[in-house]
Structures are given as C-alpha cells and as structure tokens.
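Each of the two complexes below includes chain A, the first together with chain B, the second together with chain C.
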Partner chain A sequence: MVRTYTLLAWTWLRAGAQYPLSMALLTIGTFVVSALDLIAIWIIFEHTGTLGGFTLPEVMFLYGTAMVSFSLADLLFGNVDKLSAHVRAGTFDSMLIRPVSPFVQMAVDRFAVQRLGKLVQAVVVLVIALPQLDVPSSRVWMVPVMVFCGTVIFTAVFTLGGALQFLLTDAPEVANAFTYGGSALTQYPLSVYGTDLVRGVTFVLPLAFVNWQPGLFVLGHEDPFGLPYWLRFAAPLAALLLGAISALAWRAGLRRYRSTGS
Partner chain B sequence: MYGFRRHSTYRAAAIAGAFTNTVFGILRAYILIALWEARPGLAGYDVADAITFCFLSQAFIGPMQVFGGGLGLAERVRTGDAAVDLVRPASLQFWSMADDLGRALYLFLMRSIPPTLIGAALFGIVVPAGPLTWLLFAASVVAGVLVSFGVRYLVALSACWILDDRGIQSLSLVLCLFFSGMVVPLNIMPGWLGTVANALPWAAMVQVPADVYLGKTDVAHALGFQLGWAAVLIALGALATRAARRKVVIQGG
Partner chain C sequence: MIEVHQAGRSFTISRRTGLLRRERRVVHAVRDLSFTVEAGEFVGYLGPNGAGKSTTIKMLTGILAPTSGHIQVAGLDPTKHRTALARRIGVVFGQRTTLWWDLPLRDSFELIRHLYKVDRVKHRERLDQLTEVLGLGEFMRTPVRQLSLGQRMRGDITAALLHDPAVLVLDEPTIGLDVVSKAAMRGFLRDLNAEQGTTVLLTTHDLGDIERLCRRVMVIDHGRLTFDGTVDALRATAPEESSIEDVVTRLYTAAEK
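And then the complex of A and B:
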C-alpha cells in the first residue's frame, strides 16, 4: 500500500511539475494563506500579554504543533474529503474497479505539493517558538509523540469526513466544519473556549489530544479545566481509538455505496 | 432573479455552508471574547460588539464571496465559452453582475441569517436601535456585494491574459481575507497597517458593513467609501471587458 501510494504520489508530482511556475506560486500562496492565521495571533498579542492564560511563545508552540500535524495529515490524506465530487462525477466507480485500495487512490489523487507550503510554515513557527520556551529535556520527548498522534487524529477526522460524504453527497462542506474547524480550534489554547466545547473535543471528537493535553505536559501548565493528569499521556490512545472508528466508518460507507449510475 | 434561482438548486450545499460558518463563528467568537476580556473597550468595541462583529463577518462570507470565485467566468475564459458570452447582445459585465446579485441574495438568506441567529441565541448579539440602521445596513451590504463583484470580476477576467488564473485567485484570496476584516477586525490592526487596511476596497466587504450595523461609523462616509470603490472597480471592469474583447478577436475566438 505504501509502495502504491508513493508511486502514485510521484506520478502526480511529476504532473504538477509540468507547470513549474504555477506550482511554485501555489506553494508560496499556501504558505502565505496559512501565515495569515499566525499574523492574527500576533495582532492579538499586540493588545494583550496573555490569551487564556498563555503567552505568545506558548500559543505559537500550540499553533505550531497543531499545524504540523494538520498539514501532514492534509498533505498525505486530506484529499479524501473530495469524495463527494468523485461520487457525483462518477469517477469513484473507476477507482473501485482498479486493483488498488480506493482509500489510497482517494488520498493520493491529485497529490499536491503546494500543501507543503503549510507544513513549512508550521515547522518554521515551531522552530521559532521552542527555543523561547526552555522546555526541560525530561519533557521535550513528548513533542514528536504529539505531532505523530496529532497527525493520526487529523487523518482520522479527514477519513470520517470522507465517510460522511457517502451519506451527504450533496453537502461536502459539512466535513469542512470538522476538518478545517478542528485545525482552527487547535490553533489556540483551549482555555479560551467554553467548558462544554472543551468537554466535547476531549471526550467525543478527541481534538484536545492533538496538542492541548500533551502540550500542557510539555509546557508544564496547570489544566484550567481541572481534568485528570493522566489525560496528558492519553494522546496515543485517543489516536488509536479515533483511527479505528474512522476506518470502520470508511468501510461501512464503502459497503453501502451505490453508484449514481451515470 | 435568474441567478437567485440557479443558486437555489444547491440548497444542501448552502445549508452545509451555513453550518460551517456557524461552527467557525463560534470558535472565533471565543477567541475575540478572550481578547476583549483581557482588553475591555479595545478599538471602541465592547465584548458584545466584538461577538456581533464575529458573527456578522461569518455571515458575509456567503454573499460577499470572501473566499473568491463564485462567478464561473474564469472557468468560461479557460474553456473558451467566454467568447460566446462576449457576442451576446447583453453586456458581459452587467449580465455577470445581475447573476452575482441574485447569488448574493440567495446566499444571504441561506448562509447569513441562520449563523447569525444561532450566534445570537448562544452568545447574544447587539441589535441595531432603529429601522433606519437596518435600512442603512441593507444599503451597505448591497454596496459591499458590488465592491466584492468588482474585485472578483477583474480577477476572473485576468484569466484572458494569464491563462492559468489559480495563482492570481490565491493572491486575491489572501488580500481579501486579510484586508476585509475576516482574519481580525481591521480596527485592532496596529498603526499604519490599520490605516492602509481601512483605505483599501476589501474593507468595504466586511469591516464597513459591520460597523454600519454596530453604529460605530459615520454612515455617510461609510456608504460613500463603499460606493466610491464600487464605481472605480466597475469602471475598471468595463475597461477590462473592452480590452478583453479586442484580445479575444485577435486570438480568433
């Protein structure tokens, strides 16, 4: 599966490279669009020293880890949220008759290198933020763990969004509320949001484990919501659970799929 | 009217869009609340004003087409269908504008009102004092749509010269998101950045109509600003249409 994915991704990359100028411009464009979110954070911190009890480097750390996870998931699998377009155009049928998993085909379809712009931007932010924080080496090991788990969680959310489109073929935008909404949510410390919302993203759709709970551990911060300490280490569990659920949902969606017949 | 009906066939998409706008409205509202609780009275807004601004900005995404596109014209230029549009007896620009106003009206009903009502129910928003403010707000929204159309028409028509319009579309998206007040309200932008942002046409799409609604601005000046930019952009659009017509003839269709 990995081999097929790499092969197909390489094919799409070469296709994109036929228009090098366009490819470069689009990559820069993605870099700038995603930098806007960061500029928003800077403007907010022009007016206040702390937001929800967190300083600028801390917020940049949370932003950076969340966005590295999100952009990795988006780069590798984000395309599954284009499912409804393929169902409507009938091109999904042709994916089903090929001897490659339709999930891999969907994920890699039009593999777009410009999404790297977002990843690069997030990595830059993280590299700027981390040295300012003086994280002791006894806690810094959590950073790669949380980025990995976060990537799995976002991939699962993308997959759930794709699976949802088997049902809601006409309304793919609903999935955006969870995928891009999830990315917007995790850019800020969850302490700015209401208690109910935070409970929801901790225990229902576990976006809190992308960067918030493990981030509290890295930053050595009190949990403003007073949730148990062990939750800070629960990110792998959350990633595993959500990953399993999304895989089941995708399979269920695939099984009940009926072609549009066109 | 035709534009209204054409877009009303995609009801599910509009409902989904309204749902997404609502979710983002709620997330952004919390961030603005946190900021305004740390800095009460920042930029002349109180917390309620900031929440209202947040939901209004989400409400404008549909009608003002903040994320760009919506015209279908760029696609028609790429496929060559625009050549047919240019020989039609109606002006390409006014035909597109009428279509776009219909689209904006439909999206206003479907994608602007529900998120605002939900925002009002969850957080409570400011309601304008009198019918006069409502009327001026309506005028300001229409003027905003005209400015938005003016910008998007120019962007779409640029495809006649630079064949791949995706680069300029994404540039236009960045400018629009940032300078309309979508990312953060323009009035909290520091120093010269705020001054520049408030003078550019994108301000007419989100910041100005929201300020008219909140009664935070001199209405005559605000509407003058919007209509001025609308006139300039539409005049530029007319010039570009004429130039495009000549260009298409040279290419032989």
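And then the complex of A and C:
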C-alpha cells in the first residue's frame, strides 16, 4: 500500500514537473495564502496581550501543531473527499477496475508539490514558537505524538467526508464544511469558543484532541473548561476510534456505490 | 469463465415531488439474469438503450454489487474479490476513458504498470507489441485529453490489455469510430480472441460488430435475457431474407408488446 502510494505519487510528480514554473508559483502561492492566517493572529495580538488566556507563542504553538497535522493529512489524503466529483466524471468507476484500493488511488490522484506550501508554513510557525515556550523535556515528547494523532484525526475526517458522499452525491459541500471548518476551528485556542462547542469537539467529533487537550499538557496550562486531566493523554484513543469509524463508514459507502446511469 | 446466476440489480430512486415530499421508485436495471460464457468464446451483448447492458458489465467487473443472485468471473466473485479479479480482467468503456485525462499516454501506461505490478521487461514487450498493432506510437507523448476519440479508444484498449487478462469486457468499443478504425478495431479483437484465446464479451449498437465478430449473441431487454444463441439462430427468429437490422428490430419491439 505504502509502496503503491509512493510509486503513484512519483509518477504524478514527474508529470507535474513538466511545468516547473507553474509548480513553483503555486507552491509559493499556497505558502503565502496560509501565511495570512498567521498575520490575522498577529493583528489580534496588536490589541491584546492574550487570546482566550494564551500568549502569542502559545497560540502560535497551538496553531502550528494543528496546521502541521492538517496539512500532512491534506497532503497525503485530502483528495478522498473529492468523491462526488469522481463519481460524476466516471473516474471512480475507472479506479474500481484497477487492482489497488480506490482509497489510495483517490488520495494520490494528481499528487503535486504545491501541497507542500502549507506544510512548510506550519512547520516554520512551530519552529518559531517552540523555543519561546521553554517546554521541559518531560512534556515535549507529547509534541510528535499530538502531531501524529492530529494527522490521523484529520485523515479520518476527510475519509468521513468522502464516505458521506457515497450517499449524498449531490451535496459535496456538506462534507467540505466539515473538514475545512474543522481545520479553521483548531487554529485558535478552544477557550475562545463556547462550552457547548467545546464539549461537541471533545466528545462527538474529537477535534479537541488534535491540538487542544494534548497542547494543554505541553504548555502546562490548566483547562479553562475544567474537563478531566486524563483527557490530555487521550489523543491516541480518539485517533484510533475516529480512524476505525471512518474506515467502517468508507467500506459501508463503497458497498452502496451505485455508479451512474451512463 | 463468466457465470451469472439469477443476478439482479435494482436502483432506488428518490425524487423530490414537493418541498419536503419525496417519492421513491425502484428501477430494475437487471433482473433474474443467468448465462455462462466459456473460456475462449466471443460473445456479443445486444439490447436497446436502457436495457441493462452497462449495468451487467459493471456487475461483472465488481463496480456494482448485484442486489440479488451471484456472479463468478475467472473463478472469483467480483464484489468480494474485486482487486484480485482486476488482475485477470480487462475493461474498456467506449463512452468514457479509464485513462488519466491530463497524463500523456506513456505516463498512463507507466501508472498501469505500477498498479498491476507488471514486470518491467514484460510490460515493455507487451506495450511495444500493442502500440505497433494499434498504431499508437506517435501519440505516446500526447495527453489523453488531446487525443481524438479513435486514438483514445486505442489507448484504452492497450491499457486494458497490458496486464494480459484472460477476459476482456468492452462496453461499446466501436462507438464513434470511422469505417477504417472500426475495421482495424474488429480485426484486432478477432485476432486477440483467435490467437491468444482471450475470452471477449462486448456490448454494441453496431450490428456489423455482431455479424463480423461474434459467434454467439445475447439480447437483453428491460433487464431480462430475451435471446441467447448463435448469430445464425438469431437470424432464424425472423422470416428469411430479413436483414440483421430487421431481425434485431423485431426482437427489440416484440418485448415492448
């Protein structure tokens, strides 16, 4: 599976390399566009010292980890929520006649370097934020763990979005609202939102485990919502559960696939 | 090679009739379909528009799961073992390419080599052979979207045969081809069947395909098989000296009544 993915990604990259200039411009473009997020955060801090009880480096840390996770998931699997477009164009039928899982084929479809722009930006933010935080080594181990779990959680959200489109071929926007809404939500400390929303993203769609709960641990920050302390270590569990649910949903959707009439 | 046992496929269609009211309707695209195709046969699959031909092909290839009955192709259940079956079956949809729109043919074929894990040397040999027979050489660097219909179709056939499948199913492979290309395509398919023993099942609206290629014909209408036999037996269903068009027209309209 990994081998197939790499081989296919390589073929797409080579095909894209025929247009090096447009490739470079697009990569820089995505980098700049995602940097605007950060400028928004800086503007907020022009007027206040803290946001939802967090300092600028802390907010940058939360933003950076969430965006590294999101852009990794988007880079590797973000395409799977384009299902309804593939169904309508008939390309999904073509994927089903190949001896490789359609999930992998969709994920790698048109694999391009410009997807790296966002990842690079997020890594830069994280690299700037971390040294300013003086995280003790007893807590810093959580950083790679949370990035990994976050990537799994976002991948699962993309997969759920794709699976949903097996049923609602006419409403792909619903699924997109899910994924991109989810990424926007995690860009700020959850303390800026209401209690109900935070409960929702903790216990229903566990986006709080992308950066918020494990981030509280890394930053040694108390939970403004007073939720149990052990939740800070629950990211792997949340990732595993959501991953399993999304895999089941995808398979159930695939069984219900009905192709098109022509 | 292909065994279809009382297979059926229905689609539930829900249609908005009012602001909130929805009406559900069930379309039986294929019902109670049974037939067997032996290895090495060349079978034509006929039927009027909407008869259920494409639906049958999609069930044979594992794209659609049948809603009733069961199917075996090359000894495998297409729904359960879709990916394993993909290695033994070649599929061509005349209406739509299975190649990658933006990739040059050469890259598409390279992708296929990776997907099917075909040995590099074998792949090279087969590709050279197919490009020569189908005259694709000069288009290898052209992106698929820039190919004409006939060129694209040859690309699709090549793609379907690169992994040396035992069965080839084609849904309207001669649609939109000019007289010369059509003859070339038919010659190629006939040789493939005769020399390599590849089992071929093709749907078509062009009765010339049936007359020139197929020993056996199956006719489907409203999702049911209405005829299965040799081309001569098909002719014998109508008064003597009717053209094949008349024979088929009789068959299609008889089911209407």
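The rule we apply is simple: the second predicted complex is superposed on the first by the 262 of 262 C-alpha atoms of A that agree within 3 Å, B and C clash if a C-alpha of one lies under 4 Å from a C-alpha of the other, contacts with A are read in each partner's own complex, and residues count from 1 in each chain.
The definition used in the following text is that a contact is a pair of C-beta atoms (placed from the backbone, for glycine too) under 8 Å apart; a residue touches a chain by one contact, two chains touch by 3 or more.
Keep in mind it's a predicted model, so treat the numbers as computed, not measured.
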Worksheet item: So, on chain A, is it clash or fit between chain B and chain C?
Response: fit
Item to complete: Pick one for A:100: touches chain B only (first), chain C only (second), both, or neither.
Response: second
Practice prompt. Go through the superposed model and pick first if A:137 touches only chain B, second if only chain C, both, or neither.
Written response: neither
Discussion item. After the superposition on A, what does A:195 contact: first (chain B), second (chain C), both or neither?
Written reply: neither
Practice prompt. Tell me which partner A:181 touches in the superposition: chain B (first), chain C (second), both or neither.
Written response: first
Worksheet item: Roughly what angle, nearest 10 degrees, sits at the C-alpha centre of chain A between those of chain B and chain C?
Response: 90
Worksheet, complete the sentence: Superposition result for chain B with chain C: lowest C-alpha separation, Å, rounded to 11
Worksheet entry | Touching residues on chain B, where the partner in the complex is chain A | 10, 12-13, 15-17, 19-20, 23-24, 26-28, 30-31, 33-35, 38-39, 42, 164, 166-167, 170-171, 173-174, 177-178, 183-184, 188-190
Worksheet item: Okay, in this complex, where on chain A does chain C touch?
Response: 4, 7-8, 11, 14-15, 90, 93-94, 96-101, 105, 110, 255, 257-259, 262
Discussion item. Give the list of chain A residues in touch with chain B in this complex.
Written reply: 19, 22, 25-26, 29-30, 32-33, 36-37, 39-40, 43-44, 46-52, 168, 170-174, 176-177, 180-181, 184-185, 188, 192-194, 197
Item to complete: Using the touch rule from the top, collect the residues of chain C that touch chain A in their complex.
Response: 11, 54, 58, 61-65, 82-84, 86-87, 89, 91, 93, 95-99, 102-104, 107, 110-112, 114-117
